[in-house]
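Below you'll find a set of structures to go through.
Note that chain A is present in both complexes that follow, paired respectively with chain B and with chain C.
On to the complex of A and B.
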């Protein structure tokens, strides 16, 4: 019998259906991945199971956990099961932890809450269990003392704390909602290994929610593909990957492995020249008369971008990518070295160089002022021009860039809330294009997008570059996407460029151990067809 | 759920209407002393009765509303007029010495009990409506400065501010074009709350004789004059007291209602 058995689950929120006739089961020791694009109802399924649906939600159908229908239980009975019979791991480990409590206290909280239960533990037993659990998730008390606070830990360690909270009572069912989306590639690989090991060790069922099909391929025994609140395809992972039956699944797979076709373009002369740039941040003095120690965010970075060149910049969080971007844009001062664009130094108050550069940022939801019309938003860079176009010329310029990013010029009259994430990112690109810059910085510009939308945006970027004679710097925390849209790639680690070279060459034959680690850690998507799978050795037993 | 908003707006509108109407018409002139008709309880001639000089209390409440609202409006305007720019300025230079000076200056003002200092100011510069406005207005400045700064600080972290900086816009320009419009909800709600506090402060100052001077009617002074007569003519104290309570209640309900209505988490409409 299955551990978790969801039967014909329907959920509506204030009368709007979000899940429809959803049936899914998870057995002990099994990893079931629930995948789909944002808004497909993945998280709602998890919240319905753990009984934390938002207000105004109504359910139908059954959610059986060990034969008990969770939907018929009252809040007190659900509380007894949460943490005890089922645990949950959230996406964002920083917000899932209380910043004012030590990690030992937070992990132990579940134990204390359920102490009144039948398996009440003595204080010594509880401490022993806490230490054992922390050690099991990779936080041995001798190396990471339980009296640390969340802010003293790295992102990966925080996620381990959240996992420890979820498993300390050894629940039969673990629900993980995008557990590695907020983490770096190498950390992601370790957390996925940890989850997989826990499932085997404790014979848990894991319902894993993720949009990343490469993660699914690495983890799941079975897959359910969700679209608009309905499961369109469900089956053993290898069957689904080998022969995706539903066109939607196939579209998702295609988009995940998508590589834009990058036309060859002539690259002329240097455009941006970064020479020995460093950036120091002063830190707190260690003593009253001691000098301030400095943190070197950038340690002598040098590289060039030539006209029309498409350059990738890869590095994990904390490697100094953002500092470098802000320095190039002239938003933050640099401590040493020089940044020149077309031979002229980039300075904060100098519109003459800055009008040749624009940027597209990561989050399509916060990159626009909600109170301005799209026309006003995308014409904002005109501020950099000495003689900005007005009237009909301005309208024409707006219409032209809107068309260039495959949007209707009429959309410029609307407000930004009318658009989806992908459309917003198109508008962000339109805003960057409107003053015809020579260089655009894409700062994680596709990270927040669903795979199919991401594929379209990457195609758009690849297509615009030769049309506008555009060089760009494409910044990304992992290597997978960079491959399709760049000629050359730089890899940054701890404020230094550790490797650079043509993208294909760096990815195929990485010289530096760090890049090898990055390449190995990145989950890979198996290609279609049984042959491809066995060739790649993903399922050699097939 | 919109009941608080409707109720608050209704009460506020009623007092506002009465205050505006008093410019054109009152049931009886407020300076119409008629000792023979003093301390009449409410009847069909004097709807809310008369005071110890025989003046019509309804008329005095109407003109008094004018004083209260006028003082509170100007006091809130003073607070916003100085506080919001200071808050925007501090947020634009967050962490710098200017930010420190502005915010520590705010702390200094906050450190003194507002009504006591208001009494001090009016006592030193002489009682009167204008000095009352200044005294109340000064204490509104740090409230708005802090609110604006904290709201602006989180907005400065947003990507659209980064985009505006990439477009070469200066900090003052970003503050006016991007930050301020996104703070209006916050300021409207806080403005309503400060408005009701202003009414209360004005009544308090008038009560101790430091607000608007006779013969201009004022709710606080009506209350002060009535207190010796509570035993024989309770309506003389109850009516201005109720006026203050209802006006403040109305404004607080309006503030709460506006906060709910303008809350971005509940909002799903065109800005």
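On to the complex of A and C.
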């Protein structure tokens, strides 16, 4: 019998259906991946299982955990099961912990909560179990004391704390909702290994929710593909990867491994020159009269971007990518060195250089003022021009860029809430293009997008570059996407460029151990067909 | 934590110094010469000069500032221009009414606001929440003197439980507290309404945080999450408001003092300003500034006690 058996689950929120006739099972010791695009109902399935659906939700069908239908239980009975018979790990480790309580107290709370009535477990045993669990998730108390607060830990460590809270009662079922999406690739690899090890050690069932098919390939025994609240395909991971039956699954696979076609472009003289740039941040004094220590975010960075060049910049969080981008845009002063665009030094608030340089940021939801029309939003950069177009010329310019990003000029009348994430990112690109810059910085510009939308945006970026004679710097925390859209790549670590060269060469034959680590840690998407799979060693037992 | 307290204490001292200079200058440049005010329009020039010398108004401004500040540090606030009595004594008498009244009112406000705020937050959008919100709306909209008059009508005139005004002094503790009860309630009600709303919205913001969901996934009930994970985290804005309210209650009770015939600080300031008794005004204002800065310091310490991120050094 399965541990978790979801039968014909239907969920509506205030009358709007979000899940329809969903059936899924997880056995002990099994990892089942639930995948699909945002809004497909993945998280709702998890929340329905653990009984934490938002207000106004109504359910139908059955969710059987060890034979008991969870949907028929009352709140007190559900509380007794949450954290006890089933644990849950959430996506955002930075905010998933109470900032005012120590990690030991928060993990121990799960234990204390469900210990009531069990007199067999003494305080000393509880402390020992706490220490053992923290050590098991990779937070040994001698190195990471339980009296630390969440803000004293890294993202990966915080996610380990969340995992410890979920498993300390040895639940039969663990639900992990995008557990590694917010983490760096190397951290992601370690957390995935930890989850896999826990499933084996404790004979748990793991329902893993992720949009990342490469993660699915690495982890799952079975896969369920969800689209618009319905499961379109379900089966053993091997079978689904070998021959995706449903066109939607195939489309997801294709988009995940998508590489844009990069036409060869003649590369001309240097456009942006970054010479020996450093940026220091003063830190807090350690004593009243001691000098302030200095944190070097950038340590003598030098590189050029030539006209029309497509350059990638890769590095994990904290490597100095964002500081570098802020420095190039002139948003933040630099401590040493020089940045010039077309021979002119970049200075804060200098429209002359900013006219030739625009940026597209990660979050398509918060980077627009919701009270301005799209036309007003995308024509904003006109203020950089000495003689901005007005009237009909302005309308024509807006229509032209909207068309260039494959949207209708009529959309410019609307407001930003009317558009999807992908469309918003197109609008952001239109805003960057409208004053015909020579250089665009894409800062994690596709990170928040679903794979199919991401593929379209990458194609758009690759297509616009030769058309507008555009050079770009494509910044990304992982390597796979950079491969498809850049000629050359820089890899940053701890404020330094540790390697640079043609993208293919750097990724295939990395010289620096750090890049090898990054390449190895990144989960890979298997090619279709059994041969390709065994060749890649994804399933060695095949 | 100690370093944090020390840096806050330094900034407290600097604030006080700056405030004293500003108060001194503002009052110095204010129009109206206390000597000519005291002697009236037909004063003789030589009498005026003599009085000015007697009041210490004939020396230079820096000298007067130094005299004022050193006197104040040693507890000598000078003599009132009008009443020729020590200012320190006048203030002390009034403070014995105003300070207990402020503390009393604030305690009542907190006692009302916490249960009401928690009650409303736990019932977001339901009848109980809407009821609490409607009454707080009313509490904020109605001025406190209206409550004061209502309380006098009901409890002093109709029921005769309390006297309608006046203050018997602290010889009998019970009588003192009794006399301050109606004014404290009148002062507390609007403050309680504000505090309830702040606490409720702060709690609701906190309840939307990811770590509340994590706590629920551990198996905590809604009520347990509210008490264990939301309340303390929601305290920062509440403490800020409590600090502001205390400062306001200390000197802002003038109308209530008037309604209940209480000899408090508010009335003292009002009288001193109308009589150009600048030395009293200066001293009371300085005292209030000191109280505000001290309360802010305590609130800062409370922040750090609540939030470990504020006390740890990077």
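Observations, loosely collected:
Heads up, the rule we're going with is that the second predicted complex is superposed on the first by the 538 of 542 C-alpha atoms of A that agree within 3 Å, B and C clash if a C-alpha of one lies under 4 Å from a C-alpha of the other, contacts with A are read in each partner's own complex, and residues count from 1 in each chain.
One rule holds in what follows: a residue touches a chain if its C-beta (ideal position, glycine included) is under 8 Å from a C-beta of that chain, and two chains touch if they have at least 3 such contacts.
Given the structure is predicted, the values throughout are model-derived calculations rather than measurements.
In the superposition on chain A, contact is made by A:351 with chain B only, not with chain C. In the superposed model, A:415 makes contact with chain B only, not with chain C. More residues of chain A are touched by C (comparison of chain B with chain C). In the superposed pair of complexes, A:110 makes contact with chain C only, with no contact to chain B. In the superposition on chain A, A:304 makes contact with neither chain B nor chain C.
With both structures placed on the common chain, the touch criterion links A:90 to chain C but leaves chain B unconnected.
Contacts of A:221 after superposition: neither chain B nor chain C is touched. Those residues of chain A that touch chain C in the complex are listed here as 50, 52, 75-76, 79-84, 87-88, 90, 92, 95-101, 109-110, 113-114, 149, 151-152, 162, 165-166, 283-284, 286. By the touch criterion given at the top, residues 158-160, 162-169, 178, 181-182, 270-271 of chain B touch chain A in their complex. Residues of chain A that touch chain B in their complex: 329, 331, 351, 354-355, 357-359, 361-363, 366-371, 377, 380-384, 415, 417, 428, 431. In the complex of the two chains, the chain C residues touching chain A come out as 209-211, 213-222, 228-229, 232-233, 306-309, 312-314.
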